[in-house]
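Naming follows writing order (A, B, C and D), and every chain is counted from residue 1.
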Amino acid sequence: MKVVPLQKKEKVLGKVYGKRRYDLPLNNNENTRFLVILIALMSFLATLGLSGFFTLGAMAERWTSGLKNNLTLEIPAETKEGRLLSAEEMTSLTQAAVSILSSYPAVESHTVMSREDIQKLVEPWLGEGTLSAAAFPLPGLISVKTKPGTERKSLEALTEKIHSAVAGARLDTHESWLRDVLRFTGALQFAATLLLATIALTTIIAVAGAVNARLSVHRADVELLHLMGATDRYISRQFQRHALLLGLAGSAAGVAAGSLGLLAIGWMTGEMDVNLLPQHRLSLPQIISTATTPLIIALLAVMAARQTVLQALAKMP
Amino acid sequence: MKVVPLQKKEKVLGKVYGKRRYDLPLNNNENTRFLVILIALMSFLATLGLSGFFTLGAMAERWTSGLKNNLTLEIPAETKEGRLLSAEEMTSLTQAAVSILSSYPAVESHTVMSREDIQKLVEPWLGEGTLSAAAFPLPGLISVKTKPGTERKSLEALTEKIHSAVAGARLDTHESWLRDVLRFTGALQFAATLLLATIALTTIIAVAGAVNARLSVHRADVELLHLMGATDRYISRQFQRHALLLGLAGSAAGVAAGSLGLLAIGWMTGEMDVNLLPQHRLSLPQIISTATTPLIIALLAVMAARQTVLQALAKMP
Amino acid sequence: MIRFEHVGLRYGIGPEVLSDINFTLAPGSFHFLTGPSGAGKTSLMNLMYLGRLPTRGLVTMFGQNINKMKREDMVAIRQRIGVVFQDFRLLNHMSTFDNVALPLRIVGKPEKEIQSNVSELLEWVGLGEHMNVLPNTMSGGQQQRIAIARAVVTRPRLLLADEPTGNLDDEIGERLLSLFEQLNRMGTTLVIATHNQMLMDKFPHPRLILSKGILTIEESKFNLRKKLEGLF
Amino acid sequence: MIRFEHVGLRYGIGPEVLSDINFTLAPGSFHFLTGPSGAGKTSLMNLMYLGRLPTRGLVTMFGQNINKMKREDMVAIRQRIGVVFQDFRLLNHMSTFDNVALPLRIVGKPEKEIQSNVSELLEWVGLGEHMNVLPNTMSGGQQQRIAIARAVVTRPRLLLADEPTGNLDDEIGERLLSLFEQLNRMGTTLVIATHNQMLMDKFPHPRLILSKGILTIEESKFNLRKKLEGLF
């Protein structure tokens, strides 16, 4: 990573933020470099962490959205005793189930699956065209879509209703699969959150630490300025400007590097089947939060600096 | 996080490492605290990152181990023209395929799947007992296990051989699914590696930065000791001891916190189905690398300190 | 200008360094401050430039009671005081010129005025050739002269100099004392802490003598001699 | 003991501060080093305590050629030299006692010996009550006395003191000079840089006079007077 040439940037930003040079040797110290790199590394991690967080959210959403409000109602092709049902019997049972579904308020829509639909469903497991020709009995499958926010209780009531009308019918809510996926992505998101929190903490501590170090190194000089009649604002402004520049330079570099890292990861996973990763990887909140990271970090830095300096000055009469 | 009381620890470790107190005010500076916290945070992240890396590796291993050397050979139940094959025809085709497989060197074992096996395969999609009763024709499925390290070329040759003997046979290598899973976990592992590298870099930079800062703050004092006739070893030893204590204290705290974090994540995912996460979450390499993290970080710190100090001293006559 | 009434000072929980100091300095006066090492000269100066507040007693500066003053008003007072610190306190990262220019920049003087004023003053103290040099590459005496230049560049109403000639040979020492005299004639009140008996003897200024926390004022022997001469 | 032959020194790309310095100091000798401010007294001392290497010429210390010396041997030589720096250079984070004890600790003296030696010396320079105090809470003169105590505590073979009385009143100044004389009588070679004419006049030691980068040696007027007295 290239270290941002601070001195030069300062000239530019100095014009914007206040034209005077430093009375304290804040800018030409070796430490500055380390702090900038540190902030850059943290911003880099923050970018990755943020992206990971959002991607995991989208993944969970995608994996479960297909299942969440979808049920499958299955009408077996044989009785409990093993007798095959005739086509007419199947049709009447299906009709009964459909009429219950149609009148049930929590059901948004339902579709009786055709032979072809079922064929598609088992294709990955049994191979193409397996069932197409033979006229053998298949279970009746009805795909059911419930209204968003439907409660488990309501589903249980539905199950009972159908059971009493259609013996042996099964309502598959995909629950165990859903639970697993949500737990898994939830754990990953928790890790990402931990990462982000750690990064924020590290940044604040690094900046506060650096300002504190500067201040203790230059305490005598700060006191001298104070004794010469410099106002508190005059002195703290110098530290604030310093912190602003460090924060901006470091975090901009870090976020840039982080975005490159994301591109690399994206490229690695880019040709993957869309089954696993969501397609829209840059959501609006993600873009906004990534773009504002440097600003937030710079702001944190400035506030830490201001607070530290004013506190120290307040101790002098 | 509680900051480790350095002064006290120093008394203990001072006895081990060398009994004299510091000639330079390395221990009672405010910065020390910040550096310890920083190292702790980095070790915390390193613990999580390491664990993530290993877990992902185990996950990929587990997800793919079942598929990697397994093929499925499918013999369709009907001809291209749609004519159903008789049971005899199926048997002879199966026999032909089996004899090829038996003589092929890359094939370790093969099993002709029974009706019940196939039933189990489609169960999650079509429901229990769907196919059990009806005596309708099913495709012939042969599960094939190849020797580890079998090349793609050899598989292609096998495919051709079977094609020529059994018209319409299909050899499913599960490749697309495998590729997806490996890409996905590979991308995550890449992210974890990035994280670990960033952490290592951050730690080195933070320590080198801190030692540099100390040194520039105390340059006059170091020069004074030098002029009084102190040897280079005498001076650098003080910085090394300081770095060792900081590194150990910080990273021990960080790894402890990281382990707690892992426990929390483990607890969150603990009740999950074993399908997604591997069961043996603490592998030996993981335990070793986690336990040695503090030592490595402390060593890094000591070396950074030593190098920095001796370099500065070499400039004085 | 300066008025101390029953002023006492102690550092932390230590003994009283100054106890019951009473004196008044008229505007435009010139005093030496002397006394044995450790008597409290620097401490007394510290009170005068508002570096510390007394632990007891009343300090009046420029007619205002320090104890009741607001923080902002102290800034204004400090800007009217020039100080030569015993240990110089130069900023080692900026040039001699910038060090001397600093008090002017703090009060926001135009850069043009600063350029000419500072250059002229540095020539005068014999550092014209060292303007762009960092203080820590200068000799002890040169640094002391920078410190003096920085203290007088604002033409302060009050000038406090702590041992300003400790590192200077007698010739330069006298030269700088004459600069102080000149400032005094233009209205600056001066207090100069020194151990240098010879120096004090050359100037007809009264002495504040500090000993065991108590201050006494003594007319200069120079003056006494003149008075005696007038008598006979 | 010390021998300079055609020694020159320049800082960075600046002008030569010292040019063609030639002198020899015999073991056990006592010299004052004087000259105007900025003449190079501190720089010359810097060469003598191996703080810098000359840019040209030959320096021989304790019979060894500095230019050809190994790093380890320099350490041994430095341990035999005591230095009073013009700006004291005390360690502000440790007590007066520890500051003075430091050179003894560096050479690994037993702690018991250190305790008694340091305490006694501090009593002698009038800082017995300030042993456990940090230097930056002390007056200028007190700090200077700590610096002197630290320089003499090892009974060095060579003692270099740069303006050791700049912050001291005449009484304490003379007291310390007598300490130096005592060391000298016990075999220590001394070089004392000072501007203080009065002080030099009181002691019968030759003077190294530095001016424009050149060193000349002048017998003390004190000695001359004695010689003259002897003549007539």
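The rule is simple: contacts are C-beta pairs under 8 Å (C-beta built on N, C-alpha and C of every residue); 3 or more make two chains touch, one makes a residue touch a chain.
Please read all numbers here as calculations on a predicted model, not as lab measurements.
Trainee: How big is the gap, in whole Å, between where the Cα atoms of chain A centre and where those of chain B centre?
Mentor: Spacing between the chain centres: roughly 22 Å.
Trainee: Using mean CA coordinates as chain centres, what's the gap between chain C and chain D in Å?
Mentor: Centre separation, chain C to chain D: 30 Å.
Trainee: Let me have the rounded angstrom distance from the C-alpha centre of chain A over to the C-alpha centre of chain D, please.
Mentor: Computed value for the inter-centroid distance: 69 Å.
Trainee: Quick one: chain A and chain C, Cα centre-to-centre, how many Å?
Mentor: Roughly 64 Å, centre to centre.
Trainee: When you check chain A against every other chain, which residues touch at least two of them?
Mentor: If we look for residues of chain A contacting two or more partner chains, we find none.
Trainee: If each chain is a node and each touching pair an edge, is that a line, ring, star, complete or other?
Mentor: Graph shape, chains as nodes and touching pairs as edges: a ring.
Trainee: Determine which chains touch and list them pairwise.
Mentor: So the chains that touch one another pair up as A-B, A-C, B-D, C-D.
Trainee: Considering only the defined contacts, which chain A positions touch chain B in the complex?
Mentor: Interface residues on the chain A side: 29-31, 33-35, 37-38, 41-42, 44-45, 48, 52, 74, 76-78, 82, 84, 118, 121-122, 125-130, 133-134, 136-139, 141, 170, 172, 176, 179-181, 183-184, 186-187, 190-191, 194-195, 198, 201-202, 205-206, 208-210, 212-213, 216-217, 261, 264-265, 268-269, 271-273, 275-277.
Trainee: State the interface residues of chain D toward chain C in the complex, per the touch definition above.
Mentor: 11, 36-42, 86-87, 137-142, 145, 162-163, 166-172, 195, 197-198
Trainee: Applying the document's contact rule, which stretches of chain B touch chain D when the two form their complex?
Mentor: 20, 23-25, 28, 220-221, 224-232, 234, 317
Trainee: Touching residues of chain C toward chain A in the complex: what are they?
Mentor: By the definition above, chain C touches chain A via 49-53, 71-72, 74-81, 83, 89, 91, 93-94, 102-103, 105-107.
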